[in-house]
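Structures given as structure tokens follow.
Here come two complexes built around chain A, the first alongside chain B, the second alongside chain C.
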Partner chain A sequence: MATRIGVYFDQQNIGGGLDVAAMAEQVRGKWGDLTPVVKVMPVLAAAVEEIQADVDAAKLDGVLVCGASPRRDWDQYRFSGVQVERVNLREQCVQACKTDGSASSATLLALMAQDYVNMGVVKLQKSEVPEPAAIAGVRRILVVGGGWTGLTAAAQASQTGYEVVLVEKSPALGGKAVNMPRTSPLKAPWTSIQDSGLEAKIAGIKNDGNITVHTKATVAKLEGQPGEFTATIMVDGAEQTIPVGAVVLATGWVPMQGSYLESMGLGKLPQVTHMAEFGVMLRDGNVKARRVAFVLDTTLAEEEAAAAYARAANDEQPEAPAAKAGEQAEEELEGPVFVKEDLESYKHLRYSNTVNSVAALRMANVFCDQNNDAVQAFIIYKDMMIPGILERFYKESQNRLGIMMTKADVTAIQDAGSHVSVSCENTLLGLDFDLDVDMVVLPTGLVPTTAKDAVMQFAYRQGPDFPDLELFDGFTDSNYICFPYETRRTGVYAAGCVRQPMTMDACEEDAYGAVLKAIQCVESADHGVAVHPRSGDTSYPVFNFVRCTQCKRCTEECPFGALDDDEKGTPKPNPARCRRCGTCFGACPERVISFANYNIDQIGSMIREVQVPKDFRKEGPRILILACENDAYPALDMAGMRNKPWSPYARIIPVRCLGSVNAIWVSDAMSKGFDGVMLLGCKYGDDYQCHFIKGSEICNRRKENIAETLNRLGVEPERVDQFEVAIDEYDKVPGIIDAFVARITALGPNPFKGM
Partner chain B sequence: MSNSILVVGGGFSGLTAAIEAAELGHDVYIVEKSPFLGGRVAQLSKYFPKLCPPSCGLEIQFQRIRKNPRIKFFTQAEVVGLTGQKGNYTVNVAIAPRHTAPHNVDFSFLASTLEGEATSEFELGLAKRKALYCSMPFAFPGRYVLDPAALTQSDKVKLAGNQFVNLDEAPKAVELSVGAIVVATGWKPYDVTHLSNLGAGSVKNCISNMQMERLASPFGPTAGKIVRPSDGHAPQRIAFVQCAGSRDQNHLNYCSYICCMATLKQCAYLAEQYPDAKITVYYIDLRTPGRYVKVLDKVKASPNVSFVKGKVADVVQGANDSVTLQVEDAIRGEKLTLSYDMVVLATGMQPSLAEAKLPLPVPVDEDGFIIGGEEAGIFAAGCARMPLDVMRSAQSGTAAALKAVQTVKGR
Partner chain C sequence: MAQVKITPDMEFVRELQCAGGESLKKCFQCATCSVACPVAPANNPYPRKEMVWASWGLKEKLRTDIDLWLCHNCGNCADLCPRGARPADMMSAARNMVYKDLTQPSIIGKWMSSAKGLPILFAIPAILWMLVWWIRTGFNDGQWFPRAADGRIVFGQVFYGDYTIDPIFMITFFGACFILYRGVMRLFELFKPEGKLLIIGKTKPWFMHVYDVIVEEIITHKKFSDCGEDKENRKTAHMALFYSFVVLAFVTAVVAAGHWGGKVIPAIKLETPMPLIFPVKILANIGMLMLLFGLAALTLRRMKLNPKYQASSFYDWYLLGIIWAVAVTGMLSQCFRLMDAIKPAFVVYYFHLVFVWMLFAYLPWSKLGHFVYRTAALVYVRMYGRS
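Up next, the complex of A and B:
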């Protein structure tokens, strides 16, 4: 709670449109002892030392900088031991306030600025410096999966000074890499197959005193939080519990069911196999064939699978209701039972396109090496999917006598007595032909282990699996292009083919990255600070359990499953699992959750600080805008900067995420006399852009309830609405605001105004 | 001995490496050649496959920098010297003057009144910029830069006496102590003037894919409206020429990884603005690695986009600023001469180090990709190492951060 606040106006950045001296006078008059220092500076950035001197002399505990957007000059205003808050009087006030040069519009601008400054004072007054919730982080990384990626991760975590527990399901280390002693290129010049070096890698792990290896082992349970997880490992039938700080998930893939490739002869013709199996035959020197066709065009199988899928969808409909009723009865007795949905589908074949194109090249090379080029390998493709630097490997292979590659649509694969016949159409040779070979090798679909099983077995309130994996067809991938390692479970970082199908060189690099994130997460927990995207944030949600009614909304809605609960439903916070978005406190009807520097009362007080005029017709409506600080807020800054102003009746309050918007703020605004509330947040849906994944979507759901409540109170539900704004839609956002203001103006004043 | 890390290059890979290392507790210096951070991705309108704006992720990265005093960055800066060895390097950095105050000043009005202009590097020649400029709305740091060479005499008079402008500001030199170095010098679009069979940059309305990004960008020279640069007309027939320079041993001896996906993305831009426009994509292979095939499915579902496997043999100017292509359809074996309103060359990426040299002991291959340096505590990240998309650059930057951290840990 700031009790002695210095308020500083940056004349240079506010400009001439505002009477800054009058504003300073207003602050002095209104806040008195709370703001012992109020100054107008010609150039505030040049007066940083003076502010520091004031902090020391007047024993200030808060500094309010009124000038440019907080996104500017962040580095100028760092004062130790003081809370610093910024009031955006430039981009979102002077530059944003639509005025026409008249005296009345000058008044509207002054009112807007005054509201923002008063809101800034209250914000500081209701804010405390958070004490970080540090835990003694266990500097031990659990690596799940002992294949190529997992082995790399284990070695690298150890090399960075961390203990490692490596858990591998099968009896031996190496995973699928065991079948690839000769691998696709792993380093420059990226032209030819090479020894994988797997044996040395495994030996390195076994000789590393920092690494404990468990084979024939799986994760039976992961509980707790980053920095102090407890992993229960089932080793050869016996349980062990191990404290770990963070997890690298590298459980890789399993081959797709052969039945998806039946239409191409797999399982029907003995001469037809797929890459993973052929790789084993090659490794063991068991390939007797002289002419082998690698068929990369899988259109036949895809079409058959799509047709089968459509048939299944048709057949399914009638019996559904009966089964549902049964399930429900069971749930009532024993609580919900987790059933893993199998996410394997023919799509995994397509997603494995690059891996299979590279694998075909690799195996064709090994095949030729083994036979001194006295054999013929055909690669029949639709698109040779070798992106990037591996093109050099492709080019080099083209020059090889034993390898023949052609583009073709493969229309049939048939038994032709002593051999198999592959029918090729639309080839580059200008004619259709049937290729006779001894053996056909089809692609292998890489199905991530997480499509089949809940491999981490989280002992979390929200269940043992990663949520919403169906969005990524079972891959434990991030939806973020920019932040590929983020999963929905803090402290668990996926790497390798469980995240995406990738070649061996990419798996290695991926392992390095995941190790960094895992270590960073342990260190962050140790310092009591958040990880991505609010990295470094020391605040965390605090619960006032006395008033908690065990309604479970917070535990159910947290996008990261950070909250557990007890039998009664009382939430159990896990600060190190928390990303600090505030979705929990947005959910809470009793308002028992708060952050030291961001809470219900603080925002509510800011809302109440706005001067709402009584006369709607004469002095205009007032619109509250709760704007996501990640995307909507910068977009608003840009609009102001680009001279795209908006209604002078809008008042903007940034929020951490729309998920943190509590219904009480809307009620606060309505009882204060605001005529409408706008919620500006990120895009949601499958391609969501919300940095907290679910925040804007959850807010939209809650909005329906809020509107209903308003309706019961006799307030038109149209007074509250949510709009999706991408960060680059700054030229559109003023129009969205003005249209909303026009809608509200047409509706007339909030019926509660002045009551 | 130092446990600080130097990151050369402030594009997506460099930013990622720097921030990830700093959030693990290391002091990090970013040295960026241009006046703003963000690199190539800042020029893009949208990312594939989600068609989301790059500024969204960049904003988060910049927020992380704002909040973390461990990260220091220098713009308009270059590494000019290096002494010492792994774990204990002294780096000399030369910083060109910005000529503006070291804090945020809104120069937009002043800038608009200046007469002098120069070709905008950021807009890839599609627009001019003033002598006093910010390259884009999200420019970070959000501080104007002054290019004295572009000032006219009367501009100089106008600026004289402005307390926030210093025309006499001198270059600076700083010396940094670091234990490890990440090189994330990135890439540049392949110079189309080398592509003589594709018009060598002289055919009107034959643009590069990066120029297309600028045309589609809401803050680009046309405010996001995709029009022909020569006359501002809306294109109705558009062709994409894949592998413009890539997969060609006379130009770029590799696949540039992103061009197929970039073209599919740009088909989506066009379809949104011109639902009736006809688009043809000429390609060798359509490379849509992994789950990106879903983007191809979406574009293929459009009746207005067709894909032709074939090589474009020639690009010449047609009547009314149209572009004429000579195409060999590889499947049908036909040679065709076709006219388009606009043609987009899917130019590949060339590593920045193909021509520029760094005063660092990092070996590069004949294409300019870094192929070593690790034993010296110098690690390549992103497209300085190989052609990658943004997602894989983030992965690569994070991996390089770990290697750098391992090098300096405990020192």
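Up next, the complex of A and C:
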């Protein structure tokens, strides 16, 4: 609760369009003792010391900087023990206010600025300095999976000074890398296959005193929160519990089991095999063939599989409701039973194309090496996908006499007695041809282990598995656009092929990244701050349990499973798992959840602080915009910067995530007399861009309920609407706002106005 | 459906690489070369398709490919190739392979394919002419370096035209012609598309097409102009060399006609050595100067080639080298003769004969064969089109 606020106007960044002196006067008059210091500065950035002097002299506990967007110069205004808030009078006010130069439009701009400044004062008034929820973080990292990625991660974490517990399911370390003694290039000059150095890597791990290795071991349970997880490890049938700070998940992949490639001869013709099997044959020197075709084009099989999939989906449709009902009944009797759905599908072939492309090159090279270049290796591809610098490997391989490549549509693979005939069409050779070979090697579908099992066994309220894995066909990827290593479970960082099929050099790099994230996580828990995406945020949700009705909405809706609960359903917060999005308080019907510096009452008070004129016709409508601060807010800033103004009747309040929008704010706005409420959030659905994964989706669902309520009250539900805005859509967002204002203007005033 | 069965031949790729196309595997099929080529037609252009056939070792496709011969080796494709695959060199290497295999006996082609065969190629005429010299020494009272009755140096004293040079070269010349004729017939056989060839519309006899090719393309060097203005030097040099050959061939014909015809019609009798101011001799020396100029220009051009884009194979250097040897020994033997230095004159003249014989006798297997095979291909295209 800021009680003594200094208000500073940054003339340089506001410009001449506003009568700043009059605004300062208004603030003094309205807020009196709450704002003992109100100053207009020609250049505020040059007056930081003066602000500090004011803070000391007038014992200020809040500073309100009115000028540029809070996204600008955010690092300049920091005063210890003092809350700082910014009022965006530049990008989203002076630059954004559509005016026609008339006296009335100047008034509208002044009103807008005044509203924003008053909202800023209230925001500070209703905000507190958060007390970080620090825990003594365990400086030990659990690495699950002892393959190439896991070994790299363990070594890296140990070298950084962290203790490591490495858990491997099989009896020996090495994973799939055991089958690849000669790998695709791992270092400069990136041109040729090399020894993997796996033995040395394993020896390094075994000799490292910081690393405890458990083979024949799996994770039986992970409970607690980052910094103080308790992992239960099943080692050879016996349970052990180990406190760990964070987890690197590197459980890798398993070869596709399904018979998707049967139409191309796999499993039918003895001369047809797939990459992973062929790799083992090469390793053991069991390849007798002289001509080998690596067929990367699996369109034939994929199309068949897709058709079969569609047929199956069609057949299933009518039976589905009955089955569901049965399931539900069962659930009610025994409570929800977790059943892992096998997420393997033909799509994994496509996802694995890059790895298979590189694998084909690698194996062709090994094959030529083993036979002194007196053999022929054909690579027949639809899309040869060679990532990044491995282009050099591709170029070098291409120079090899025995390696021949062409793009082609493979139309048939047939037995031709002593050999196999591969029929190719639309080739680069300018002719359709049949190629006789001794062996055909098809791609291996890399199916992430997480598509098959719940490898982490979370003891979380939301279940033992990662949520929504079906969105990614089983790959443990959460917020891939911005944060590749994050899973939907804070403190668990996926690396390597469990996250995305990748080559061994990429796995190493991925391991480094995930380890750094894991370390950041432990350190953040230690400091009591959020890891990501709001890195360093000291606030966290606080529950007023007295009023909690144990409705479980917060525990169910938390996108990160941060909240557990007891038998009665009382939520049990785990601040270190939390990403501070506020989805829980957006969900709470009793409004018992709040952050020290972001809460229901605060935003509600800000809404109420806006001056809503009584005369709709003369003074125009008022529209409240709740804008996601991650994407929509920057888009609005950019629109302002690029002179794409919008209606002067809009008032914007940034929110952490649309998921944090509580229905009460809409009621507040309606009862205040706002004529419409716009919710500006990210794209959602399969291709979501939401920082917090579900925010805008959840908000959209809640909006339906809000609309229903409004309808009951006799307010048109069209007055509240949600729009998707990507961060780069600055050119569209003013149009969206103006169209909404036009819609509201056509609807007429809010029936509650002036009541 | 009946599809072509392809059988990649790695040995062929290796040979192609040795014959000048060592970078051919670098091609990644972007087709920049086919776009860059100023003479490739829009329909099914070259040399992209030849590059992929080469890297897949599709020997038959390349051997039967007429486009090899339509290429005039300007090097634009090589200049623009993003991977340094040097398509121009591959095309010329493929032509070299055709010289080697097309012409019988192919053992000579094998000797011709690398510097290793050079000693044998040299030894054959060296022994032949040494034998002639030795036999003639017997006729010259045991003198290896005899003078004529009037004291002049007369090469005919040793290498007597009627019984040595003329018959040997006539056999060589007509032998080469015959071998080339068979080569051209085989080449036509290769060019022929599979199945039946049906020609619709009016046709011209083959010799009319030959005439057209000579008049429209060879005399004007039109394709060289098509290769681009920046390649004008190459055109001038090649033209100088070409016309010097024409001039020298004409001189040789006049001398032969004068000599042999003179036996029948004394009025046109012509004896060598001719005086320096004799018109035919003047023409011969002009031809020699053109030869030297063209040769020097082409050699300099080859030396200045950036190996990143284009390089020179043994075939290229053999041809330039042998012509240099012919020109230099020819010029020097005249100089020594005029200087009255009898020993160097005969020795150099001996070498001159050896090199001239090499030039003509090995023509069907050497790069010089292009003047016949390319002409044949151009004629074929005019008769039947490209495949």
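Methods note: the second predicted complex is superposed on the first by the 725 of 755 C-alpha atoms of A that agree within 3 Å, B and C clash if a C-alpha of one lies under 4 Å from a C-alpha of the other, contacts with A are read in each partner's own complex, and residues count from 1 in each chain.
Just so we're on the same page, a residue touches a chain if its C-beta (ideal position, glycine included) is under 8 Å from a C-beta of that chain, and two chains touch if they have at least 3 such contacts.
Since we're looking at a predicted model, the values are computed, not measured.
Participant: May I ask you to decide whether A:376 touches chain B, chain C, both, or neither, giving the answer as first, second, both or neither?
Facilitator: Touch partner of A:376: chain C, not chain B.
Participant: I'd like to know which partner A:433 touches here: chain B for first, chain C for second, both or neither.
Facilitator: second
Participant: For A:406 in the superposed arrangement: first (chain B), second (chain C), both or neither?
Facilitator: After superposition on chain A, A:406 lies in contact with chain C alone.
Participant: Answer with first, second, both or neither: which of chain B and chain C does A:398 touch in the superposed model?
Facilitator: second
Participant: Which partner does A:515 reach: the first (chain B), the second (chain C), both, or neither?
Facilitator: In the superposition, A:515 touches chain B alone.
Participant: Of the two partners chain B and chain C, which one touches more residues belonging to chain A?
Facilitator: Touching more residues of chain A than the other partner does is B.
Participant: Between chain B (first) and chain C (second), which does A:453 come into contact with in this model arrangement: first, second, both, or neither?
Facilitator: A:453 sits against neither chain B nor chain C.
Participant: Regarding the shared-chain residue A:423, is it in contact with chain B (first), chain C (second), both, or neither?
Facilitator: A:423 sits against chain C, while chain B stays out of touch.
Participant: For A:638, using the defined touch cut-off, is the partner it touches chain B, chain C, both, or neither? Pick first, second, both or neither.
Facilitator: first
Participant: Both chain B and chain C touch chain A; at which residues?
Facilitator: 395, 407, 428, 430
Participant: Please name which positions on chain B make contact with chain A in the complex.
Facilitator: Residues of chain B touching chain A: 12, 20, 23-25, 47, 50-53, 55-64, 66-69, 101-106, 108, 137-138, 142, 163, 217-219, 223, 247, 249, 253-257, 260, 285-291, 293, 309, 330-331, 333, 365, 369, 371-372, 386-388, 390-392, 394-396, 398-399, 401-403, 405-406, 409-410.
Participant: Under the stated contact criterion, what part of chain A meets chain C in this complex?
Facilitator: Within the complex, chain A touches chain C at residues 374, 376, 395, 398-402, 404, 406-407, 423, 428-436.
Participant: Can you list the chain A residues touching chain B in their complex?
Facilitator: Of all residues in chain A, those touching chain B are 12-13, 15, 43, 45-46, 68, 71-76, 78, 90, 156, 159-161, 187-190, 350-354, 381, 383-392, 395, 407, 426-428, 430, 472-473, 475, 477, 479-485, 500-502, 506, 509-510, 512-513, 515-517, 519-520, 523-524, 531, 533, 535-536, 630-631, 634, 638, 641-642, 683, 687, 689, 691, 726-731.
Participant: Sort out for me which residues of chain C touch chain A in the complex.
Facilitator: These residues of chain C touch chain A: 1, 3-8, 10, 13-14, 17, 25-26, 28-29, 44, 49, 52-53, 55-58, 83.
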